[in-house]
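As C-alpha cells, here come the structures.
The two complexes that follow have subunit A in common; it is paired with subunit B in the first and with subunit C in the second.
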Partner chain A sequence: MNSEKYKRFAFKKMNLRTKTLLIISLTALLLLAIVINSFFIDTSSITTNFPLRNMGPSLEHLFGTDWMGRDMFTRTMKGLGLSIQVGAFASIISTIIAVVLGLLSSMNKYIDLFVNWLIDLFSSIPHLLLIILISICLGGGAFGVIVGVGLTHWTSLARVLRAEIKQINTSEYVKLSKNLGKSKLWIARKHLLPLILTQIVIGTILIFPHAIMHEASVTFLGFGLSPHEPAIGVILSESMKYLATGSWWLAFFPGLSLLIIVLLFDLIGDNLQKILDPTNAHE
Partner chain B sequence: MKLQGENISFKYPSSKEYIIKDLNISLKSNEIKGIVGDSGCGKSTLCKILSGYNKSEGKITIDGIENNAKNKFNPIQLIFQHPELTMNPKWKMKDILFESWDVDSELIEEFGIQKSWLNRWPNELSGGELQRFSVLRALSPKTKFLICDEITTMLDAVTQVQIWDLVTKIAKDRNIGLLVVSHDKALVERICDDVIYFDEINQSNLKEL
Partner chain C sequence: MNYKTLGKFLTYKFIRLVILIIAVSIISFLLIDLSPIDPVRAYIGEMAVSAEQIAKLQAYWGVNEPLISKITNWVGNILQGDLGTSLIYRTPVVDVISERFTASLTLMFTSWVISGVLGFTLGTLAGMYRGTWIDKTVKGYCYILLAAPTFWIALLFLMVFSVYLGWFPTGLGVPVGKLAADVTIWEWLVRLILPAITLSLLGVAQIAMFTRDKLINVLSSDFVVFAKSRGESGWNLIKRHGIRNILLPAITLQFLSFSELFGGAVLVEQVFSYPGIGQAAVAAGLKSDVPLLLGIVLFSTIFVFCGNAIADLIYKFVDPRIKEGESYEQ
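For the complex of A and B:
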C-alpha cells in the first residue's frame, strides 16, 4: 500500500470513527435529556386545558396540543422516556439470554442441538404474536411488555454468538494455544472474549431499536402498556381517531421522534460493527 | 530423549479408508530426520498426529511415557504448513509471537523479522513473513521435539537456506529432535542426517490405489 493511499485510507477510517463517536455522544445526550426530562417533567403542561385544545405546532407548543389541550411535546418526551426504558430493559434481557445460550451451546453436542432447536423455534413464530401472547400471560403492563420483547429478540444474537464461538473453538490457533499449555480459562479470556465482546455490544445496540419498535407496535395494538401510561404507542393509537379531523401533528411528531431514535441506534450499531471488527478495518 | 510413534493408524471421520496404517517412527534428541512423500499422501496428517492435534490409534511416547499433554506445554511442537490458520486474526503479531515464550530481540532480528512487523495484524504480512513468526514461536526453550511440515515451501531459495541454517543450528544447540517433512527430496537430503520415505513406513493400502 503506498503512503498516499494509506493516508487517505486512514483519514477515511478516522472519519467514520469520529462520525460514529459524534452520533453516539449526540444520541447519549438526547437519551439522557429525554429520560431525565420524563422523570422531572412539569406535569402542569399535560393536564387538561380545554381552551388550548387542538392547536397546531407553534413556538409555545412545538408539537402542538391534543384534543384535551395537553402539550404534545411534553407528552412525546414522556412517551420516549418510557419507550427507552422499556427498550433498554428488554434488550438487556435478550442479550443475557443470547450470551448464556451461546456459551451453553459450546459445552457439548446435545446442548448445542437443543439451543439450535430453540433458536429455530423462536425465530419461526412471528415476533409480534409471541410478544402479545407473553405479555397477556404476564398480565400486560410494562412488565409484560419488557419480558415479552426480551424473550423474543435474542435469536439473531444467539445465532451469531453460537457460530462465532464454535468457529473460534475449532480454529487452529486455539488448538495451538492448547498445545502451548494454555488453560481453557486463559483461552476463553484471551481468544474468545475479546471477539464475542464486540459482538455482544453491537448485538445489544442492534436489538434496542427493534425492542422499542415492537413495544410501540404492541402498545399501539392495545396489548402492551396500559392506555393510562404516557407511551408513544398509546399516543399514536389515540391520535388515529383525530387524524381525520386534520390534526396531523398528533401522530406526526411522536412518530417521527420514535423513528429518529430507532434510526440513530441502527446507524450506531452498523458503524460500530464496521469499526470494531479489526479484520474488516484493516483489509 | 526419544520420541516414538507406535502402530499409528488414522482415518478422517469423513472417510472410510485409513490414510495411515500401522506406522512406526522414532526420533531422538539431537537427531535431524527427514520424511519425503508425494503430495496428498498424508504427511501433514502424520505431523498433526505426532504433535497431538489429531487423535489416532496407536501410541505416541517420549522415553516410553505416553505423551498426552493437557494444560501443560507440549514438548512436541509442530510448525504448520499454513501459518495464517494458526494465528488469531484479531491479535497483533507481537501477541502471537509472545503467546509461546519470551523471545529475545536478538533472535527476532536473526530471523529477519522487522520491528515494525510486530505491530501488524496477521493479514498485513506475506505468507513467508508469517512463517518466520511461526518458526520462532515454536522454538520455545521447552520444545524437545520439533516437527516442520513444509515450512519453507513459500520462501525463496536464499531465505530457505537462511531459515534452515538457523533452525538446524538452534536444534543442535538445544538438543532438539528435528523432523523435517517435505515433498522436496533435495532439500530434505541436504538438511537431514537420515531420510525416510513416507510410503515405506506407511502400511495403508491406499497407496496402491
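For the complex of A and C:
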C-alpha cells in the first residue's frame, strides 16, 4: 500500500492504532525509567548539606533544597519510585481479589448474593478511613498501606467483572458446555477467563492512579510509610511546617510530579481501553 | 408513586443498615483488636503508673477476656447507643462526634452543593459546545483535577491565599486565645470559606465529566435529531431535551459521591486545621483513641449509606423511565 510509506514520517499521518500503541509504550517506558532510576538513587546521596539549605529552584537544584539542604529533585524522584511500587503491589492485590470474587459469584446464587453484599459493605465505609484502620491493624509501614489500599480498591472492578460474567453465562456456548457436562471450573477457565482478560488488564491499570493517590494521602496523614522514607506524602506533610516561611517549592514540585504520574497512568489506561475494547473499535 | 412499595423499600433499606452497622462494628473492632495498639497504654499516656494499677485497668476494660465476649459486648453497647468515652477529649464519643460532625456537615454540604451546581453547569456548557475551546478548557480542568492529590491542592490554596495574599488565616478553627463557644459567626465563616472552595473545586471534576458525556450522548439520539429537524435549536433544545434527561442521573451521581466527599473532607480539614470529624479521626488514629476512631467509622458509614440509599431511591422512584420499566416486569 502506498499510504504505508507516509505513516512513518509524521505523527499526524499514523493511523490511530499505531499512535495509541506509541503513546502507551512511551508512557510505560517513562514510568519504568522512573522506577528503575529510583533503585539507583542511593539514600546516602540525599545527604544533609547545611550551607545549601532552603534554596529556591535553580539549575543545579531543579526543585530547590529543603531546610536540611537536601536536594528536593532527588528526594522527589525516589518518592515517585516508591509510590509506583506501592501502587503496583496494591493494584495487583485488588485485581486478584476482584477476579476471585467475580469468578466465585458465578458459582451459585448464594455466593453471588454474598459477593454482592461484600461489595456493598466495602463501598459503604469511606475508603480513606478503611485504609487507616487496616494500616493501624497491621502496624503501619509500607506493608500496612499496600494491604490497606489493596483491600479497598477492588470493588469497582469486581462489580464490572460480575456483570460481565453474568452476561457471558447466559450465552449459548456456555449453556452448551453445561449440557455437555463440563464442570463449572472448566467453564470458568475456558470460557470466562479469556473473555474477561481485557477487563482485568484495563481494570488493573485504572486502579493504579487511585492506589497511588490514596497511598500518598494516607502517608500524608501520618498512617502510611514511615517518616524516614522519602515518600511524596512524607515530603508534603513536612513541607506544611515550612509554608509560612515562603518555601513554596517544597510543596509545589513534589505534588506536581505526583499529578503527572497519575495523569500518565490515566493516559495508558484510556489508550489501552481504546485498543483492547472491541466495542469502540470503529472510532 | 406507590406508597406500599416505597414503604417496603424503606424497610428493606433499614434492615440492611442495621446489618451493615453490625458488620462494620465487628470488622473495625477486629482490625483494632489485631493491631499492636494497647488500649491501657493509650489511656495512661505519659502518666507514671504502677503495675498493679495497670492490672486493675486491664481487668476493668476486660482486656484479657475472650474475643467473642469482647465483640458481643461492643456490638451490644453500640445497639444501645453507647459508644464509650473518647481518650483524647475525655468526653463521651457521641458528644464529640455530634459536635464535630455538625462542623463537617456544614463544610461538606456547602461544597457538595457548589460542586454540584458548578459541575453541572460546566458539563452542560462543554457538552453544548463540544469540540470548541470551552469544551477543551473544561475537559483539561477536569482531567487535571481528577489526577491531583486533594491535600496538595489544599496546600497550594493555603500557600497562595493565606501565606502570600494574607486573605485568610493559616488554619486553626478558632482564633488564638478564644474559646470555641465565643467565636462569632463571621469568624467561623471566614475559616469555612477556603476549605469549602477547595473541596468544591475538586468535586466539580467528576460531575462535569459525567454531565458532558451524558449530554453528548443525548444530543446524538434520534429524538434530538427529530427536534432539530422541527426547527428547535440553541438553549431551548438543550433545556427541553438535554437537561431533562441528564439532571436526574447527575443528582444520583452526586449522592453516590458521599464516600469520596468524606475522604476529601478528612484531607482538607487536616490541611486547614478545620475542627471537623476528619481531623478528629486523624487525631484519634494517631493517638490510638480507639473508641473515638471506631465511633467515627460507624458514623461515616451511616453517612455514606444514606447517600447511596437516597441515590437508589431517586433511581427507583423518581426517575419516570425506570418506573415504567418496572411495571412491565410485574
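One rule holds in what follows: the second predicted complex is superposed on the first by the 238 of 283 C-alpha atoms of A that agree within 3 Å, B and C clash if a C-alpha of one lies under 4 Å from a C-alpha of the other, contacts with A are read in each partner's own complex, and residues count from 1 in each chain.
In this text, a residue touches a chain if its C-beta (ideal position, glycine included) is under 8 Å from a C-beta of that chain, and two chains touch if they have at least 3 such contacts.
This one's a predicted model, so the numbers in the text were calculated from it and none came from an experiment.
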First, second, both or neither for A:243, with subunit B first and subunit C second: second
Touched partner set for A:194, first subunit B, second subunit C, both or neither: first
First (subunit B), second (subunit C), both or neither touched by A:173: first
Partner touching more residues of subunit A, whether subunit B or subunit C: C
Partner chain(s) touched by A:181 [first = subunit B, second = subunit C, both, neither]: first
Subunit B versus subunit C as contact partner of A:139, first or second or both or neither: second
Subunit B to subunit A touching residues, read off their complex: 51-53, 69, 71-74, 77-78, 80, 85-90, 99-100, 121, 123-124, 140
Subunit C residues within the subunit A interface of the complex: 16, 20, 23-24, 28, 31-32, 34-37, 143-144, 146-152, 155-156, 158-159, 163-164, 170, 259-260, 262-263, 266-267, 270-271, 281-282, 285-286, 293, 296-297, 300-301, 304-305, 308
Contact footprint of subunit C on subunit A as seen in their complex: 120-121, 123-130, 132-134, 136-139, 209, 213, 216-217, 220-223, 236, 239-240, 243-244, 246, 248, 251-252, 255, 258-259, 262-263, 266
In the complex, subunit A residues that touch subunit B: 171-173, 175-177, 179-183, 191, 194-195, 278-279, 282-283
